[in-house]
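In the two complexes below, subunit A is the common chain; its partner is subunit B in one and subunit C in the other.
Here is the complex of A and B:
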């Protein structure tokens, strides 16, 4: 699994949910209308409308007391079905787990990973069939045994039945999961050798944004590929200008205390082995405050601004102003035309960098006017650049140039680059290198001033850390999660309980789907459907994602069939013809349908958080738990509504 | 109508059950657990089916130690073992590519549980752990750990599959080749003797890796030899499919040779390596050389006496000359004559001394003991009559040098004989004496012994290792003169000159090795 997940963004996710639910609802409404007309003729629309209104009423007027009663009933029936027998399997597994686990000669860190992985996977694999069978067989069994009839003859709404079932199964599963979680936690703690107990923690990482400089010191998207099949890591060459750069935000003494703890997990790649093969490769951190580089950076995105950029690097702000005036004149007279992509890039970088540089100054230099002035000029220039109108753009450039000129002295003083090289250390692969830096950094040389990490190197909460290798011909491999700021550790229970919570959310999702399926299908079929959705959502989800977002080379379904039949692979271009147009025209709605199916089938991959806990990390809320939570919630309402209508329309007499 | 009562019917059924039990027990009774699989006891214990299984080697226990978890897993999967195995193999490959070592190890164990008697699984995964996974780590201790994991994996394989000859051999290969001949050999051999995991093994060996069958091995090659011998024993029961039989059975002797060579590579000379070489010679000539191989028809014995040659010729219906020719070709295949000469050569005390002096001489050079601080007489000047033109002082010096068996320190000559530097320089110019450094003294002694041994064992003159050792010694010796700009002072005749001249095409590559040795310290 990758530790490099993006944080969950609620608004885009909610927007997409609304779109999918909207489309599906529209489809459902359309289909219902068609069926109503077919069954009831001209009165069909009225019938459909009436059923819809009754559905809304049923949901709005649900009684919590009745739902709870049905929940309790569901729980009792589940217990009567001897669900607790699953504990026997659980206990047997753990009693004989020693047979299946590696021997005690294995290194402690590897042992811990195996133990934690085993426990969490055993729990999720055991809970899955339990809730799947319970939720899929519950209602159909009741219908078959006619015990549901005794319920529906009472003043109970179908929606209450559906929700009662869901909550009942969830509560039963929760009890089982909680018990397994407790037993699993205790078992892990007891199995871990005494000397490795200190490794049972949940590390809390703060990840940064990563970029590279190549061997010549030029910015690059990624490092070198040394031929590793797994392209997770990029490599930088030692003893060259190559760097891997991490930019951390939110760095302040209040959050970190009076020290900065960096933990790394770099990989070594040697092009030669020599007398020093018993020594690990050396790595060095360089802490950088690059304010000047940041204000120069936007002007390096376009060739037209290169001269201005070089003046800025030299600190000659008067000449910067002069140059910007020249460019503004050129734009005004339409002699300088900046292409749209270039403008967009310039505006994005300008906004990002200038905001990050000047905004903190508005707080630290609240009485001074220049930070606010630069903020304002930046906003104007960004807006004008994006709009692309010549005259406002020229005006904004001149205004910015004027700001540079009038505040040249203070810019020379405040906008500086500072870098501090820390002592090199030896790399320790796959074990985690922890380096602790006190707030007061050691002076670079005798007589040099002692810098404060937070006061002198962090700006606006942002710290830039450059990493370089110190051995010629040897390479260091790194990915974004390979360097992080380590906040104070949380206890192992924190990560473990979140993993159990993720399992619980998955269990709720499966229960919801299973109960919904059981509302319109018989038990075995509902179980097969639910299981298939789980398989598709786990194994095939990534593939569908690539298909839907056009990341798989090839064509749509119809064109692919044609190509298979005519032995033409993807590299062969089809001649433009009516046939090709027809195929592509058919493929488009098919892909659209696949898009819809892709968003209907739940994604079970986010629930896989075992890797975090097994590798000693706390499970992050923003990029893992929130995804699980909203994933589950996203299915709860639509499935409940679907289950209600299915149950309502179902003929309970026919088994 | 059945006239029997219910009770009577039940009695009849009961009697029928008892009667039927007799053949069932005779057929299906399991073997007693105490009998060794394959032994006579096992063949006669248990029911008829059990005895047949033992006889035809079909019983789980005849493969090796039975692992109850493996049997359980296979049963629990209800016939889906193939699917599970496929999935596990793919998983293991993915875990290796994504460097997920803990899970890889666990997955490999799971694969073995489902396929305990599939040879390829053991061979591939053991190699995978010891070579691929090991190479992915940077730290030497970590690499060694994974080499051990591969070795232990093979050892487990031999316990679970006693019949598979290949697994014993693979174990020996890890212990011999991977530990003793890889780039990290210097460290791995040290770690074999003292495991780097001090916490667990308290500066001692890892017994699960370094020991076998109650024997403790203090050298990896000795452990390798033990496993190769076991492979040879197993090979007598079941054919191996790794290589030609004759070459396969050479491995225990080869491991013994490596053991001796390993000590010399590490700078140990003297009785221990000499004894090891002698043991290798004995194993070569008395064990391997006396084995009869039947390769594609003809019978051969690599170290056959005349009588044995005649016997083999008679058996094969060929003339003794033809038999000798056949034997010669197989000897060439195994490089038998070379190893025989080499082991014989190294078993001699002088060879050990030669190696030691050459080794020390090179080391002294690298340590900087290259100043020409000693004086010795040139060549055969001591055997010639007195030069009438020589001054008394010169004669005194020569007399002293000729009487002394070892070069004399220049300072000693200057102080004791009260001669001057100018006198010594002029004697050097007239080539009656020469100045030598301590490194050169040591090298020359070694070179002289080496030359003597090569003369006694001419086969070594064609051996790359011997040639390179001799040439390198000469190169060091000559370079000492070059250091002080005294190339012209290199004597016309010196030990191993013939070797130097004969193989001068190798000088260029040797010089590259020389530079590398200087920079890395050996």
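Here is the complex of A and C:
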């Protein structure tokens, strides 16, 4: 599984799905036309069109009652073939598993991890082969015994047969899975020792966005690599200006309950040996409200704006207006457009940062006009920057400068940076470090005002947490999931049931693929095909992902053959020549074909959520469950259509 | 019977091909025929003549290589035509793990029939095919005859206008065969159109109005059964109580008109008639047994003793 999954974004995913389905449909239509012409001559196109229209009709006019009849039939067939025996195997397994899994000397969290992993893996390893075999053998057996022939002489559409089969197997699998889930849950709860029961929860993490400051305090996308091949964690050097920065959104008292719980899991890389090895490392959190930095940040993206940025940092907004006027004058006199890349970068940062600063003010200062004015000026400038036309761009810059000048006083009061350094603490490696901060933070010094975490340090639900190490010469390794806000815990059942749901979604996907394959292949072949897709979608998916997204150097098939033949490994740059151009020209369509194959083979990795539950986390909807859900749905419709046409165009009685 | 065509077949050909598209066998060659509403139409022919292929093409289980089929006014590939069709396959290809009630309920659902109607119709059909006592047994426990009967019941679940029967009497005992034939005639009397294919000629002769004989995929003969079987060159007289004098007199009359007397004999019943009569009489007179001639019994006993001694 991925250690850092990003939230599922529907629109880009849907766009990708449409593209792949569109390309596949176009290919299928082209091939069908060719076959139709070969088989029917001049009447071929008309025949192909008729079949396509009948296909649409067959889906539109499906009868729920007939689908349900076929669903019930499939369920009865499965049950009378004694599929429930698998449940007996499961129960027997659990009757004796406890003998071998109990180890009271082990740490409680590790005991829980073993038990949960065992249960979830046992469930998936039993249920998935079961549905694979059922779904792949059902229709071919029906065709072999010719019982399907009697069915198709009734007013049954082939689409109804495909869907009835899918739903039937899914319902049978769901029943077995639910029973296994209940037994597994009860077994875990009974097996976990009394002293570890309190740890049997589903922690709910809120993950943030991560960035770094290097040892000199300059922004950076990642920290130092201390020599690991696996660059999952980046390191910051202790007692320097290096920081790891997390930005959390959605931080408010109603959600967190008047306190902030931060949990971290940092790794240490020591350059000192000896007795220091046994000592924990000191770490410090710094809470920052960085409104001024956000205001300045877009103007730091371009050398032309450096002077304006420095005036902003100094709080001299009148000079900012003057400087922006000067820049606007310069832009007006330019004969060529500003390069697109720099315009794009400026517009993106401007939109993100200014929206995050001024939009919350429209809520908290609803009677004031300046937040809305800044939002309007920002929108104008973003649009003009993206378009790149000199006159509107100059005009928008002047308008923003004017806004800075006219609201200088209120900006000086509201747009400020606040930071609070919290007490250092020692990290415990390889297990969570939980820190709880009350809403009222202790004064930084005697006489200093007491700050409210949510009122004074959070702006628009956003909190910035900077982490620094306090041991000279020692390094702290961090990845995005290593620091998170811990929301109030949910019951263990929450995470466990989501893991069962993920198993169910994977089971549905396998059923859909199995039934589709069985529409045109015999049982054993359909099973081999489905199993191969599972292997490819699990083991090779990441590699294919890197191949098609050009992350593997020398990845083209022809180029690779050439490199093997000439003993040039992937890191050796090939000389620019006609031969290289020809190889790459041939590789391009091959990689395009691989792109299609990559998107056709389902990715089974998102369904692996055992790690979350076994490590005591709830399974997040946004980055895990939604991916599983939409992944399964994405295959359901195309596979049903493919299965339908395969069954529709198949002569059931062919000799 | 009316002249309205329920099935129209025009120049229908079917070639079976192998995986590579090479021709394996031509099952049908330019078959054209019409089946009229309300008639019983028989498709005859030896094994491999194309009877079952024709039925499967009508049902859309096979696709024609060329030619056209219109069935109940719609193309054979149209699923909606099946609403008015009942089909009894050669073997009853049913789900063996279902019982009779479940089977009929399942096929009733496929016709979108409401639950109450399904239940009523299933009960009527189970009664009709005399499977009431076995209605809760799974079909895998049924004998061949019982399977044929439940197969017929499923073919009639939708009260079809057109019934296609593939070897309807295959696997049935003579009583079952008779009942099946009676049922076919009854269905015809209800206005339904029936197409049956069989190579049991007696069955076809008993029930069919018209027949078509196929050979090697080609239509050889088609017409009304009575017309096809009538020998125009011969005349048959059937009388009762005719003595030798009367017979001699008739021979004289025939000689006078130059007619050639082919044979004079007592008429015989067919084997089916004999079997049914025997069963009927057995039911009326239980305990009655056939006793062999004494001399024949003695001879058989003597032979057996000799064999035992040796």
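Note that the second predicted complex is superposed on the first by the 607 of 655 C-alpha atoms of A that agree within 3 Å, B and C clash if a C-alpha of one lies under 4 Å from a C-alpha of the other, contacts with A are read in each partner's own complex, and residues count from 1 in each chain.
Note that in this section a contact is a pair of C-beta atoms (placed from the backbone, for glycine too) under 8 Å apart; a residue touches a chain by one contact, two chains touch by 3 or more.
All figures in this text were calculated on a predicted structure; none of them were measured in a lab.
In the superposed model, A:107 makes contact with subunit B only, not with subunit C.
Looking at the shared chain after the overlay, A:488 reaches neither subunit B nor subunit C. Contacts of A:217 after superposition: neither subunit B nor subunit C is touched.
Looking at the shared chain after the overlay, A:150 reaches subunit C, while subunit B stays out of its contact range. Of the two partner chains, subunit C is the only one touched by A:76; subunit B is not. When both complexes are overlaid on chain A, the residue A:232 reaches subunit B alone and has no touch with subunit C. By the document's definition of touching, neither partner reaches A:589: not subunit B, not subunit C. Of all residues in subunit C, only 16, 24-25, 56, 59-63, 77, 79-80, 82-83, 85, 87, 89, 91-98, 102, 106-107, 109-112, 154, 158 touch subunit A in the complex they form. The touching residues of subunit A, counted against subunit C in their complex, run 54, 58, 63, 65-66, 68-69, 72-73, 76-77, 80-81, 145-147, 149-157, 651-655. The touching residues of subunit A, when paired with subunit B in their complex, are 96, 99-102, 105-107, 109-111, 113-114, 117-118, 195, 229-230, 232, 267-268, 270, 273-275, 277-278, 280-281, 427-430, 614. Touching subunit A in their complex are the following residues of subunit B: 68-69, 72, 97-99, 101-103, 105-106, 109-110, 113, 137-140, 142, 145, 152, 183-184, 187, 199-200, 206, 208, 520-521.
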